[in-house]
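There are two complexes below, and they share chain A, which is joined by chain B in the first and by chain C in the second.
Entry: the complex of A and B
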């Protein structure tokens, strides 16, 4: 367990610091829109930042894996085609990221590592400073306490803040976080602040109803003992809209396409894709191994909850942010909390 | 730099018409140093780009022992493959390779070898047949069974004739629909099993072809008594990145592009969907 430096820093001071940093790099923070919704946006002034927000519907994964991301440009005009790698991303600070989304980043970090390290992702990731915000305002759909996704974390952030009123309790998780704290007026945090934070977190825990007990579903899916009838039922309920995957902090699937801007020039890009779309596995011949939506729903939960994936990733593919509950069009039947409940209650085949 | 998704340019040396809709492209990398260093193994694949159109995966069909050039056999069926078919020698493709795992070659020495191929399933197996024939003495009985829709749908017709002349291997061919040129067997490829002598305990079988053919071949091999890990096949899926990231080719927790495309029946049968 790393020893985490804890400091008390003034809110006003940190906000001023973020404002001045926004002259040098992109600072993204929760901003209240004119319609009242809060979303993560680039800011130029500290006045734009709000701390009164329930998490945004769209996870901040888009700042690490953009919806649309050029891989390279090509120019076919010369004697030889010219391929030019996309320019390296510029540094960014993500301020106010909730714990669940920090866990989502860590999931992405793991996935984009390995034998084929995704250099494009890591260029962006290494240029990113994550200032997370321990959660005091869970939505009524939140279940991070079921998934080790919050409301606060012991690592994974560059700097973790807890809102103590006039002051932030600031926990340093990396040298990038330390660099920010070092430029702020600060004093050491002690047991008193730690107890204050514990009380706040306790209150947050109590606001959440632990709706998603994953364990039984993990066992049933791993052993392929979920009743096929339940997948069929869920397949009929699913609209294949892909909403659950787009708002999921752990979903990373992408499509790769070429786009011509002129007859001779253009780019290859990747963009978000969804395993819930019928075309996701359709081959050129027309053969489609997951043509039916029951197969696609099954695929989604296999990826999130099977032991093989949990073993590879170190954790289930869910951080308990509850966004799939908000976004699912299927009347509350196909989000993570609903599905694990259905598998637990009615979906298991009797052991032979 | 983003090497993972950035292709290398390759020059097409030769395009051979195999069937009405299938061509073999032989090529080499434009960068001489890269080309000299380039190595691959039987069973691996390339991601080939027609810049501005897109990228698609193809198994090597060439002999990995013959360095300097490599080849893929491509059926015109989608956007990228049609664009490839419109290309000419001297044209440039983008290539990312080698990708994926490979066929066991050293591990199967001493065994009888059986190949069961259907239609355009022969190309990836050819990249294994030829290096095996380079060291023919390391293997026991050597049998190739090849089935196609019609005689004209067979790929590598010249090579098939060469193989048919060889005394150290048995090549049996069958077609679903014969024509006036055909005096060989008629029927699906599995009907050839009874025309050949196979000792399941001493044989390793490699099969590649349409999914339905593979299913029946594996069923018959198991019925003959083949051990599960002596049946080697390749799995195919719609594929984009080729490096286990885009998610399209996942079956269970395996990514066909990095954990495959070569799997034994023992591995395949454990997958939750197949």
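Entry: the complex of A and C
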């Protein structure tokens, strides 16, 4: 493990830096909205930033994979098709992202790499500086300690902050993080601050109710030992709203579509999609390999928890952010924590 | 930028946040602090931003010249529309004009359109798609309860000891309401379902009985009879004289025989309902669009009165409203027999009030309803002003529209109805205007302008004002929300709200005057002959209703790529027994024939429908499925029925 530089930076000073950085690039930070919710939004002034927030429902993955993302415009009117690429992404700083979402970014990095390296994603990703915030305030739906999603991380961020009152403990995770720290007034952090941080993290750990013991569910799913009746029941309960996948920091599926302005011209774009929709897998013939909701629910948990995927991705497809608990229309029945519990308690076939 | 607003689809009225970047709505997501959505949305809500920027949105007024639409300026289009309407008015009189509003327009806009119809066009012919779903609710509840609206709120489903669902599929039709009910069922509340079709959530409910379509009235009367004969009525519920004798004819055995269920099932469901301390009754199109819909609403009212399930927490009737502001159509009097504030036109003191404030004379009798306007198009009705309603799809009205002398259509898209128009006025979507909408539990909420109007499109209120002033009125050109004040004067219950209270997440519920459960019973009515009974040639009973996604005419859904993809075609549900006899499988091409028409499509073999019955989701844009139904309608409320006899063949 690399040795991480640790510094102490005053809060007001870092906020001032963010404000001046916002003149050069987009700085996105948690901002309180008129309805009382906190949302990650571009800021122009440090006064807009709030540090009093739990997970925003609409996850910051949208700054790496926008819900709606233009790819190019086309004109098929001439002798040869003319394509004009959408304006390239510009540099951005994501300030205050929680550890679970940073772990989600790592999952996205994996998905958008490999055999089909996604240029657009990486253009955006490479120009993004992630200043994460170690979590002191878990929501009552949080279970990151079950999924290696937090409350603080040892890597994956450019800069990780821990709120020590007047000061931030700043841990440098990359050269991008170092570049920000270098422009700030700072002091070296010592064992005292490290112990303070450990105590805060311990307290945060203890606030969480670890309801999502993944291990048994992973074993049951991997070995096809989940009772089919449980999938069937969950399929009937499910509203197929797609909310769980929309808010999941590990879900990356998208659809590519054209908006035709005229017969010959238009815009090609991509947008978020969901494996919980019947239309997601329906084939041109009309055949649908996952026509029923139970098959789609099953698919979601196979992707997140079966060993084959965990091995390929290096971790389960869940970071314990708990958002699926909030957005599920079948309240408390089909979110990650509930399904893991149901598999553990009621859904395992007894070995003969 | 995040803009809080209200979902434009069903009647639940979920709180939405629209995410806006550079004047484009990029995403929609749920509002956590909202009392209905509680951080959740259904598939429609999550994708409600998609149609807003669809490239086929209308961005300029269009005038048809020699059969071809030509782009026009607003002043040309408004002048053209005004002249066309005026010409018809001069030649045939105001009664030859009709106005059809949208159940998605805001309260302010529907109020303005009602005022425009009554005072500017001076016609009695005004209506909305409310007619096609909720007219029995208005006619059935208003005289007895004082309101054509729900008496229960969704949160009452949390405290109700029993929930009776009749002729509705809440999970599919109003997902968040279905979510409240699923939670209640999982908590152990008695959820009781009367519906001929099985539903996804049926197995989680306490009991379901599956009567044949068109026999619900007998079941509900048998429930009343069972309550009385077992003495389950509440002490406060004094019976009217002669009631017992009247109900004696409606035994559980009689209902059971007609409906194909057992008398024991009816009795046990009745006991679960009547002996619960509190109960909410949820009902939908399966009541209102089938035979005896009004009589069924009366029977449900009686069930609520006799069990004392009114005016308390955890009690009341909760009729499903199919659109985000169908309740607003009722509240604002956007119907021929209504005035704003839940008064019938025949209520002379209300009529005098409105003729004074609108400075016009009001007719003594209602004019034409929506189905009557369509039927009389080209004869006694010569011109129509249609705001945001695709009549070609909802009423299979394309041939009727072609018979009109003049047609003005105001919409977001060039629908089949707009294509038949002489002039098309481009309207704004919910994301481009201010206003209020009222959900199915009377919750008045604010929708907010998130982006500038697309192209030259304008909010409905502004267009109606332009047209009114071109026709000689002098309405102030003010923004939509400032009409809220005038609207409040017209509607006593809205008068107790203010813009601030409706602007919070969840808005404010318009209050009702409670009566302490001392309510009169509605009449007990005998079933009538539905008029289109199965016989040897047409042996099946075909019902039609909305799919999970395709509600109303599908204009918004079909311009939302994710939603359009989800249910690309209608399926005909066939029971396995009937399918076996016909050698038909899921996916087989089948043909339905009825006395009125023919439809070809795919079969879905499922036990969700009873043997001998078929169910088709209605959402084809040309109204081909609807043409199967012909012209059967309830004579009192004029609601077209969605049941008929049919024959099934392999195509």
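Following the convention adopted for this analysis, the second predicted complex is superposed on the first by the 349 of 352 C-alpha atoms of A that agree within 3 Å, B and C clash if a C-alpha of one lies under 4 Å from a C-alpha of the other, contacts with A are read in each partner's own complex, and residues count from 1 in each chain.
By our rule, contacts are C-beta pairs under 8 Å (C-beta built on N, C-alpha and C of every residue); 3 or more make two chains touch, one makes a residue touch a chain.
Remember, predicted model here, so these are calculated numbers, not experimental data.
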{"item": "Partners on chain A (chain B, chain C) - clash or fit", "value": "fit"}
{"item": "Which superposed partner A:39 touches (first chain B, second chain C, both, neither)", "value": "second"}
{"item": "Partner chain in contact with A:281 - chain B first, chain C second, else both or neither", "value": "first"}
{"item": "Touched partner set for A:109, first chain B, second chain C, both or neither", "value": "neither"}
{"item": "First, second, both or neither for A:227, with chain B first and chain C second", "value": "neither"}
{"item": "First, second, both or neither for A:328, with chain B first and chain C second", "value": "second"}
{"item": "Once both complexes are placed on the shared chain, angle at chain A toward chain B and chain C, C-alpha, multiple of 10 degrees", "value": "80"}
{"item": "Touched partner set for A:240, first chain B, second chain C, both or neither", "value": "second"}
{"item": "Which of chain B and chain C A:68 touches, first, second, both or neither", "value": "second"}
{"item": "Partner chain in contact with A:5 - chain B first, chain C second, else both or neither", "value": "neither"}
{"item": "Chain B versus chain C as contact partner of A:255, first or second or both or neither", "value": "both"}
{"item": "Nearest-approach distance, in Å, of chain C Cα atoms to those of chain B in the combined model", "value": "11"}
{"item": "Chain C-contacting residues of chain A that also contact chain B", "value": "255, 257, 260, 266, 273, 282"}
{"item": "Of chain C, residues touching chain A in the complex", "value": "1-2, 4, 17, 19, 24, 26-27, 29-33, 38-43, 45-46, 53-55, 171, 175-176, 178-179, 182-183, 186, 200-201, 203-204, 504-505, 561-562, 565-568, 587"}
{"item": "Interfacial residue positions of chain A with respect to chain C in the complex", "value": "33-37, 39, 41, 57-58, 62, 66-68, 236-237, 239-243, 246-247, 255, 257, 259-261, 266, 271-273, 277-279, 282, 286, 293, 326-333"}
{"item": "Residues of chain A that touch chain B when the two form their complex", "value": "71-72, 74, 76, 80-81, 83, 85-86, 111-112, 114-120, 123, 224, 252-258, 260, 266, 268, 270, 273, 275, 280-285, 287, 289-290, 295, 298-299, 302-303, 306, 308-309, 312"}
{"item": "Partner chain A, residues of chain B touching it in the complex", "value": "1-7, 9, 30, 49, 51-56, 77-79, 81, 92, 94, 211, 236-238, 240-241, 243-248, 250-253, 258, 272-273"}
